[in-house]
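Multiple structures follow.
Here come two complexes built around chain A, the first alongside chain B, the second alongside chain C.
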Partner chain A sequence: MLDLSHVTSGYGRTLIVRDVSLTVQRGEIAAIVGRNGVGKTTLMKTIIGLLPTAQGAITLDGEEITKRSADARARGGIGYVPQGRGIFPGLTVEENLEMGKLINRQGGSERSLDVAYAYFPRLAERKTQRAGSLSGGEQSMLAIGRVIVGQPQLMLLDEPSEGLQPNLVQQIGDDLKRINQDLGTTILFVEQNIELIMNLAQRGYVMDKGQVVRQLDHHEITNQESLVSHLAV
Partner chain B sequence: MPRRTSWLSAENIAFVIFLIFMIVYPFRTDDFGILNAAYFAALTLLALSLSMIWGKAGILSFGQTAFFGIGGYLYGIYTLNVLGSAQTWVGLAVGMLAGGIVAAILGWFMFYGGVNDVFVGLTTLALTLVLQTFMAQTAGPEWTVGEARLNGYNGMYIPQLSFGEMPLYGRPLYFVYLAILIGVYLLLRWLSSTRWGYGLLALQENRPRTESFGYNVRLMQVQVFALAGVVAALSGVLYASWGGYIDPSSMGLTAAITPVIYVAIGGRRSLTASMISSMILLKLSQLLASSAPEYALVIFGLLALLAVLFVPEGFVVALFNLIDRHLLNRGGGNLPGMTAPVEEVTANG
Partner chain C sequence: MFDGLFNWFYQFQVSFSFLLLSAIGLAVIFGMMGVINLAHGEFMMLGAYATTFLAVKGVPLALAILIGALAVGVFGAVIEMLVIRRLYGRLLDSVAATWAIGLILSQGMLILTGPSIQGVSSPFGSFSVGAISYSWYRIVLGVVSLLLIAGLYILFMKTEFGLRARATIQNQPIARSLGVDTARMYTLTFALGSALAGLAGGLFAPTATIVPFFGTNYTVEAFVTVIVGGANALVGTPLAAASLGVINAALGTKYGLYIARVGLLLTTIVIIRVLPTGISGLVERWRMRPARQR
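Showing the complex of A and B:
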């Protein structure tokens, strides 16, 4: 579904991601793991189009999207939950969810928001509350809910566990698995939290110094010792 | 994007009171008061245009007075060349269109060229000053467009908007101006409540994040800049028609900064607050001009400074929020983005 072929990117002349090739199949949950500063977030921003691709090609469903703008990629079916959740704190919960409707290929209707409320009933209770006043866990729910309102084919998440206490990390992992199974949303996420990786990922890639240095199959990515060794690359 | 909040808010109540006052006012004052109020209505459109571009989209523009001047001058050039009362209304459309086209072209170069934030302010201020400087040197007889002589600081004398052979004057003039002001206000409020309007609020908070939700941020910036340019040009047309005259001082540095001060004092994020604040401050400005002209700008500067330091959302918006919170039990800040930005919570749970 998503193919990266020898992708190199970065900030201006400073290249962070170098010659990365990876594939995500339709309907699967794949992880990109690695220590801080190895280029995981840069890679996510390159896939969504917030950073230009210096070399290589990105294809979605066989169609090359390398030169497309971020908004065009979003409308093409890629939903993005950025690091730090990226909600709009000055808007209400409901208004944040409305923002996600634009990428809905069915056009988005009044009922589009119900998908988010079904997975995260807490959001329905807080729909008129300012998003900036939500707790960290609720903000995570909102960030994910806002993306599923658009019913993307592919959801990218950048460190969804960041700033969450362990029981909420488990909860977010379970929610994402349900979304993947119920809605068929393909998920690619960047993470350092071993519990979440083991709970959620079906396979993965290890990044180091801006490159993919290893692929992890299902056995390796659900094995704690294996993961610890790779995160300490 | 539909709003699901109640219509009973301090902002809406204030608008209704404002509207009733503006309808009753011409029957309780003399001809001078009526003409004055029409003048205020024309200039308040400039405040609305700034509130839309700055308050809703976060783009601080000092160029609204440039579009104001373009609207006024183009209206004059058209109506001096194409005679006839009906043509004054075509002239109004020409002035608006000219302001919109110039704003769209400038906006295109700025936003697609990656110019944002404080650099937009500098670029638009430069446009205003360049236009003023250019128009100031058009006093010579060679600066004519058909029958229209630009005339530099001597000013251009312009036909007034008219119905039939009768130029608009007195109450009819006032009510036409008021209808236009209220119509533009309602249009901008409606646009602000659409998905496009919410996109503007979102891009004000974070452009890349908004882009990742499928919004073409640069195009939206150009669109709102052009829209605000049209409204500012309309203000310029009404101003030029009201006085039958325009000169380059309407595009000077003071003219560029004054609406920014009015909108900052009232509350840039609310069109209603900007409209009410502009009307009040224009009246105050006139009172000060006759009693203590040397202090007028100092007082406005001081008010703007106090607003920035202590009431960043603006005095009128702060009042709306206070009424919402304590009298209407709405929890304050019912309009999107009307409260000061809230820091994102990163604590656990």
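Showing the complex of A and C:
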């Protein structure tokens, strides 16, 4: 479904991600793991189009999207949950969810906020509340709920566990698995939290110094010792 | 007693409507895009000229004002695509560029049409309360300014365009990553702000002499109102226009226009000192407080 071929990118002339190639199959949950500062977030921003691709090609469902703008990629079916959640604090919960309706517009699926409320009932209770006044866990639910309103083909998540209590990390992992199974949404996520990686990922890639240095199969990515060795400083 | 009260209220609503109408276009562009449009006064001038040309040719005044506003809106969209778009995030560069555009427009109009053109007279006539005569048209301007704020509220709070615009202001990259064509949003917003400037110019045309430097008469008040109001145009600009309108009317009726203007500027200095984010910043902080503290 998603193919990256020898992708190099960064901020201006400073290249962070170098010669990365990876593939995500339709319907799977794949993880990108690695220590702080190895280029995981830069890679996610490159895939969604917030950073330009200096070299290489990005393909979604066989169609090259390398030169497309971020908004065109979103309308083409990619949903992005950024690091730090990226909610609009001054908008209400309902308005934040409404913003997800443009995602996958070319897919033509029905867009209703009910899909977000079904997975995260607490958002329905708080729909008239300003998003900036939500707790960290509720903000994570909102960021994910906003994306699934558009029912994207591919969901990118950048450290969804960041700033969450352990019980909420488990819950978010379970919710994402349900979304993957029920809606058929392909998921690619960046993470450092070992519990969430083991709970959610079916396979993965290890990044170091801006490059993919290893692929992890299902056995390796659900093995705590293996993960610790890749995430240890 | 009644005559005095009415006179004060009349002066207040005239001040309010002139401040609001002259500032709202500037406030929309600054609040939504972070661009300080120093050509704002010249955009008002274009609206005044377009309205006057059409009205003199026999087009009904209301229609002439609307066509003038629309024309300035289209002109603003072109300016955004040709110049402003390349200067986002470069505040000083955009200030210099819009200043240059303003100079070109005012000097260009001077060359094209001379030092002044034939104006249109103020419609609707006048009425008297006590010994003082008042203009109906200036009452109409007050009503129009209230309708305009209501219209902008509906546009920004109740429509998809408004939701996307507010999201873009809060976090442009995230709005893009959710499918919003933010470049188009900026063009539309600049066009809207320009059209509002043109509308103000058209509405003020029957009340003033039409000269190429028409806009400079309103620019200081417009900037003062935007600064006092803060970044949120919908909340800040009406409240700033009302607050400054009270000062202007109170001082103007008692001590004259010169003292009123001094009072306006002194009030602005005090408000900036006490509320650096303007009135809308204060309202925003109050709204973001947890419910139990309200």
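Just so we're on the same page, the second predicted complex is superposed on the first by the 225 of 233 C-alpha atoms of A that agree within 3 Å, B and C clash if a C-alpha of one lies under 4 Å from a C-alpha of the other, contacts with A are read in each partner's own complex, and residues count from 1 in each chain.
What we mean here is this: a residue touches a chain if its C-beta (ideal position, glycine included) is under 8 Å from a C-beta of that chain, and two chains touch if they have at least 3 such contacts.
Nothing here was measured: the structure is a model prediction, and the numbers come from that model.
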item: Chain A as common anchor, with chain B and chain C clashing or fitting; value: clash
item: Contact breadth on chain A, by residue count: chain C or chain B; value: B
item: Touched partner set for A:228, first chain B, second chain C, both or neither; value: neither
item: First (chain B), second (chain C), both or neither touched by A:48; value: both
item: Touching partner for A:91 - first (chain B), second (chain C), both, neither; value: both
item: Touched partner set for A:163, first chain B, second chain C, both or neither; value: first
item: Which of chain B and chain C A:135 touches, first, second, both or neither; value: first
item: On chain A, the residue positions that both chain B and chain C contact, one per complex; value: 48-50, 69-71, 74-75, 80, 82, 86, 88-91, 95, 98-100, 102-103, 130, 132-133, 146, 150
item: Residues of chain B that touch chain A when the two form their complex; value: 1-2, 4-5, 195, 198-199, 201-202, 205-206, 208-217, 333, 336-337, 339, 341-349
item: Touching residues on chain A, where the partner in the complex is chain B; value: 48-50, 69-71, 74-75, 80, 82, 84-92, 94-95, 98-103, 110, 128, 130-137, 139, 146, 150, 163-165, 168
item: Residues of chain A that touch chain C when the two form their complex; value: 48-50, 69-71, 74-75, 80, 82, 86, 88-91, 95, 98-100, 102-103, 105, 130, 132-133, 146, 150
item: Residue ranges of chain C touching chain A (in the complex, touch as defined); value: 160, 163-164, 166-167, 170-171, 173-182, 284, 287-288, 290-291
